[in-house]
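Next up: the structures, one after another.
The same chain A turns up in both complexes below, where it pairs with chain B and then with chain C.
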Partner chain A sequence: MKKYILNRLGLSVVTMFIVATIVFFLTHILPGNVARRYLGKSATEDDLVRFNTKFGLDQPLFTQFYRWLRDLLTGDLGTSMAFNKPASELLLPAIGYSSRLALMSFLIIVPLSIAGGIVAAMYRGKLVDRILTVGGLSAAVIPEFVWAVTLILVFGVTLEVLPVTAFPTRGDPTIFSQIEHLILPSTALLLVLFGYIARITRASVIEALESDYMRTAVLKGLSRRRAVVTHVLRNALLPSIAVIASQVPYLVGGLVAVEIVFNYPGFGTILRDAVGGRDYAVLQSGVMLTSLVIVLFQLAADILFAVLNPRIRSRISE
Partner chain B sequence: MSTAPSLELRDLQVQYTVRGIKKDVLRGISFSIAPGEAYGLVGESGCGKSTAAFAAMRYLPRNGSISGGQILFEGNDMTTMSADAVSNLRKSAISMVYQNPIAALNPTVRIGNQVAEVFELLGESESDALKHATEALTRVQIADVDSVMRRYPHQLSGGMAQRVVIAMALATNPRLLVMDEPTTGLDATVEAEVLDLVRDLRRETGTAVLFISHNLGVIRHMCDRVGVLYAGSLVEQGTTKEIFNNPSHPYTVGLLRCIPRGGLHKNTDRLDTILGTPPALGAKFDGCVFVDRCALVDDRCRTSMPEAVHVEPQHIARCFNHEKAQSMPRAIDDVQVTVSALANRPTTGTRLLNIDHLSKAFTQEGRTVRVVNDVSLSVGVGETLGLVGESGAGKTTIAKLILGLTGSDSGSNVVLDGKTLAATLSKRDVSDVGAMQIVFQNPDQALNRRHSVTRIVSRAVQKLRGLNSNESDDRAHELLSGMRVEASLHSARPSQLSGGLKQRVAISRAFAGSPQLVVCDEPTSALDVSVQATILNLLVDLQKQDGTSFIFISHDLGVVRYISDKIAVLYLGRVVEFGDSNQVFGGPHHPYTEALLSSVPNIDGSVRKRIPLAGTVPSPSNPPSGCVLNPRCPRMAGSGVEGLCTTVEPDLKEVEPGHFMRCHIPFDQLRITQQK
Partner chain C sequence: MNTSSSSVKSKSNAERKAIRAERLQLLRRNKAFLVGAFILSFWLLIAVFGSMLAPYPYDAMDFMAVSKKPSGTYWFGTNKLGQDVFSRVLAGTQLIVWMSFLATALGTIVGGTLGLAAGYFKGWFDIVLMRLLEAISAIPVLIVALLAIAALDGQSSGITVGVIGFVFAPNIARTVRAAVLSEAELEYVAAARLRAERTPHILFKEILPNVLPPIIVEFTVRLGYAIFAIATLSFLGAGVEAGSPNWGSQISENWAYIFSNIWWPTLFPAVAIASLAVSVNLISDGLLEVFEV
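Up next, the complex of A and B:
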């Protein structure tokens, strides 16, 4: 088991390095002279040179890459050119806000989607199954920012039951007001991800329902409900773990769009501004942090999968 | 207890709904099983055997429904019972053993808990249930019960898993036990052990048994009475002795004739078949269900359904012509194989393939596992070499090494038609690849589902003979027609074909490069006996016309005996006996071969004393010292050479001309002990 975890950890490090390489060189392909953009038309050549020296932009690309990597590993996320302060000061609070939204969405999406998948599987072919699968799929094809806007229009503007921003603007934010503000953005993400996770769950529950061991359980005399709980769910939810982990990048991507629509000071908003403003350090470090989250989720899912699946567990403990 | 039968089906009709259309699966079958009786159901696949078995448990697939009749358990109709009442019966009174035991166990729950669940359902506390689970597993003679309790299904062998399932089924002393192909897929030795176990437990508990099997030998040994199912109808029923000695329905007669019984050999006997295939699910009949395949059919059969006729008081047959059934003409398929023009005749002498010191060792977790150990064999031109042995003996690995699918270790030598072949396929040239081909056990997995039949064969022709696509298509059609795959099916996909036809396509593909040697790895194991017979006949014809040699792997010793000229018996990657088919089967045998042969239930009903092999096949990563068979050898004790057996590995010696054995016990001594 230890070997397996170390192995996965090693793979995660390799993944992160590849991501770092791609992120670094891609951001440097963005067109435009950075120094000119920040210093304005009136800046002299000397000013430009000074700016480039300060941010290391005069160095060869590979030297810049090396320094950036070295800094990242020591926890230095670089300096924001736009705000002229450490990128970490911008990113860390934003990450905090985003995690709150992500966590809330995750807590809503995962149980609901899995429950939806199970119900659809148990009543497969019936009306409730049709509604869940067709509805889930239809909702998933509409982008999250469209959902976000629609939700705002319906619940925020027309019905006026929920706030239109994701962040309490007036008074002291209590935990309840925070949750209240996060309902609409989470719902937008739920609508996009529900269909996919529910579908996979449904498929694996059906597979388990039709398995020989389920038949054994029923013919042992178990009631259908008890057989489902004790024999189907554990087997059926294993694939769902992998699927949910694979959905984390989409969740993160969706988060960016939703945050912007709901005017939420998460890192999605920060990243958007960083792209617009050619704020290399913020952009690169932001993407790196996002990738780190995704890779860690994947790692956690792999380990969880192995722990829950005796077949893999015994293979890796040999 | 009343005198009511344990189980009685009365005119039971079951339908499956397929794409909204109801199709008849069981067409009113009636039989009853008395307490303590064992009743066997036989028939080809798709005839409703398993449906009948599950119906006895009041369990049908989602699309299945009972459209008429009754299922009486001890006189109570299960078709009208509430779901709870049925569950209660399943908890304590009726239970089932399944075909695929490993799949029947939950992969994520420990064995102990799965067995204990049976007791928990009866209201026992967890600790009591676990204690009883230990007892239940002990009862089915599982060694090291505590360790098995903690394991997961994938950590068990097939035989062990089947013992667990049987333990679970018998845990509550059920009054009816339904067994659906309980030994299919198990080795002959394991099968014999499982059957012995069931017999002993039945003697102990007096449980009534409904036994489903396609293996007539097993049925003959296990059952008191037999029913023959065809197309969802019970066409014949009687005591086992009556059915086997005096079959009175043409279908039963046909089934019995298809089987390669001991003594039949390809050189002297052609196997009978049952022409055609069982009707599609839900086919409609005006008359007899067997009308399309029957040799005795007349006008009456086509228009009216024959009533059940009492041949003997206990023996009924649904046939107008039942008196003539046993003298009905033989059904022999006359195959005209026309590929001889392109036969690839060997150029050097009569020996086609020579294997010398073939070895393969894998490294697993730092340990060396010798899967194939110094195997030397030869195959003559136009000859069939049968490879037999329990699973794990290395049969398939040897085939892969010869074909170059797996690279053999250095020192191994494979010579085909005078030419030494490279160890791996990628280093062999096209003509070498075409000269040796393989037919797999499961044509479903071996044929590309997305390609048409023509394309599958034509691609092989293109690759192996370098023809352009028009020429290769022509050649593919020619090959397929030669293998009796009708032209109308050439553009079909494999999924549209029956198992037998798929295997014919696979054989056509193997013959695309005009091979000199074809490896057949369990080619008929997934097929019904009637289809098996046609495939075996086809292989024999091809051999006669082209002089093709075969290496034939099968766990069915009857089939191997029928088709092979030479036999190699393998144990733990070693050849323990090698010789002419009649030498190996006739004896004196190697002690391992003897045990293997004695475990096969004979179709002719002769009772042979089973020579049991103690314990299980040892792991090749840690073989026993001395002769690898010594911990299990049935003949070592009292042989006088025990000291040698446990310390020195015997060589493969020629004990009589052409007959080789790896055993310390003198040949004459084996002859004497085996005659007793």
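Up next, the complex of A and C:
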């Protein structure tokens, strides 16, 4: 088991290194152009030289890459060109806000989607099943911003029942009002992720329902419901863990659009501004942090999967 | 693209035809697929003939008719610049249909070729490729696209198409690789090798026709994602020309006005995006069901 974890950890480090390489060289695809693109057409040669010296852009590309990696590893996220202050001062609070929204969304999305998948499986082929699977996956292909705008139009403007910003503006917010403000943004994310998680849960519940141990349980005299709770769920939820982890990148991508619509001061808003303002340090560090979160999630999911699944566990310990 | 007809020369000819006929039969009975195909055909027709149907030029402004409600003169109303929303939705169709189709085609060609090679050659090429793919999938598609667009300074739809295509390639490569791995073990591949056929011939003429079904399904799935991604990018103001009638741009320019109850310049493009995305999804769902039978 220890060997397996170490092995997975090593692979994650390799993945992060490749991500870093991609992120760095993608930003420097047009060499020597960063200063020109950032300062604009009116900048003089002197301005360009000063800018390049200040941000170390006059060094050879590989020296820059090495320094950038070294700085990242020591926790230095670079300097925001637009605000002339450490990128971490912009990124860390924003990531805190985004995590809050992401956590809240996850707490809604995961149980609802799993429940939806179980219900669809129990009523396989019936109308409920069709609605949940076809409807769920149709909702999933509509972009978050379309959902967000539609939800605001319906619940915020027409019915006036829910707040249309993700952040309470006046007074000191109570926990309740904070949660209330996060309902619509989380719903937009839910609508996009529900279909995938529900479909996988449904498939694995169906597989479990048709298994030999289920037949044994029913023959043994257990009621269907009891058999599902005690036997099916434990086995069927395992694949869902893997799928939920694989949805994290989509959740993060979706946050960008949702935060902007709901005017939420999170990581997506910072990233959008960094793209608009060509603030490369913030962009690079932002993408690196995002990928780190995603890789850690996948690592945790793989390990959890191995710990919970006896078959894999025994294969590993061999 | 290479169609399967070119390779249908062996004794399995009739067999393949029978399978194809059966699949078509199943598709024709799949209601979700039919609805999807109907909506998509509608949008394709609009993409081709939309400019002829538009009552006004999409960028014509009439300052005497600003933010007018939908009416007989302006079917979908007008936006804050006095532009006809109906004509703009029609004009936007062409953009998103072409961009998403080209991006997906690019991703399928690049990813399909890589996947064929990885599954056939295996060894270090496969290992390196799979590690790279895993790394790329650790960055959300939308964020890679934003980064690449910022780096390439691309306020152009051409660059967006290229970026989306390359971001999609890894996933397509993975699907094709998995399909090729099991095909490459089969006897007809060994036979082709014994006949001393050249490798490109084996890859594209022998193996490719047999892994086409998963590629077709993957293509439609990715087409849906491409619509998703391009709409979102244009909503974020990245990767499209300023002032373009892209559906996403229309929503980002007008959605703030829904608070003043001017919902029409936002709602109509939103419904357009939703229906196009859902139609493609229904099609890929139907294909998935039929091909897996």
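Basically, the second predicted complex is superposed on the first by the 304 of 318 C-alpha atoms of A that agree within 3 Å, B and C clash if a C-alpha of one lies under 4 Å from a C-alpha of the other, contacts with A are read in each partner's own complex, and residues count from 1 in each chain.
Heads up, the rule we're going with is that a contact is a pair of C-beta atoms (placed from the backbone, for glycine too) under 8 Å apart; a residue touches a chain by one contact, two chains touch by 3 or more.
Because the structure is a prediction, the values reported are computed rather than measured.
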| item | value |
| --- | --- |
| Which of chain B and chain C A:85 touches, first, second, both or neither | neither |
| Which of chain B and chain C A:126 touches, first, second, both or neither | neither |
| First (chain B), second (chain C), both or neither touched by A:23 | second |
| Partner chain(s) touched by A:261 [first = chain B, second = chain C, both, neither] | second |
| Which superposed partner A:231 touches (first chain B, second chain C, both, neither) | first |
| First (chain B), second (chain C), both or neither touched by A:3 | neither |
| First (chain B), second (chain C), both or neither touched by A:164 | second |
| Partner chain in contact with A:213 - chain B first, chain C second, else both or neither | first |
| Broader residue contact with chain A after superposition on the shared chain, chain B or chain C | C |
| List of chain A residues in touch with chain B within their complex | 211-213, 215-223, 230-231, 234-235, 238, 308-311, 314, 318 |
| Of chain B, residues touching chain A in the complex | 57, 59, 83-84, 87-92, 95-96, 98, 100, 103-109, 117-118, 121, 152, 154-155, 165, 168, 365 |
| Of chain C, residues touching chain A in the complex | 32, 131-132, 134-144, 146-153, 224-225, 227-228, 231-232, 235-238, 248, 251, 255, 258-259, 261, 263, 266-267, 270, 273-274, 277-278, 280-282, 285 |
| Sites on chain A touched by chain C in the complex | 11, 14-16, 18-19, 22-23, 26-30, 37, 134, 137-138, 140-146, 149-150, 152-153, 157, 164, 249-250, 252-253, 256-257, 260-261, 271-272, 274-276, 278, 280, 283-284, 287, 290-291, 294-295, 298 |
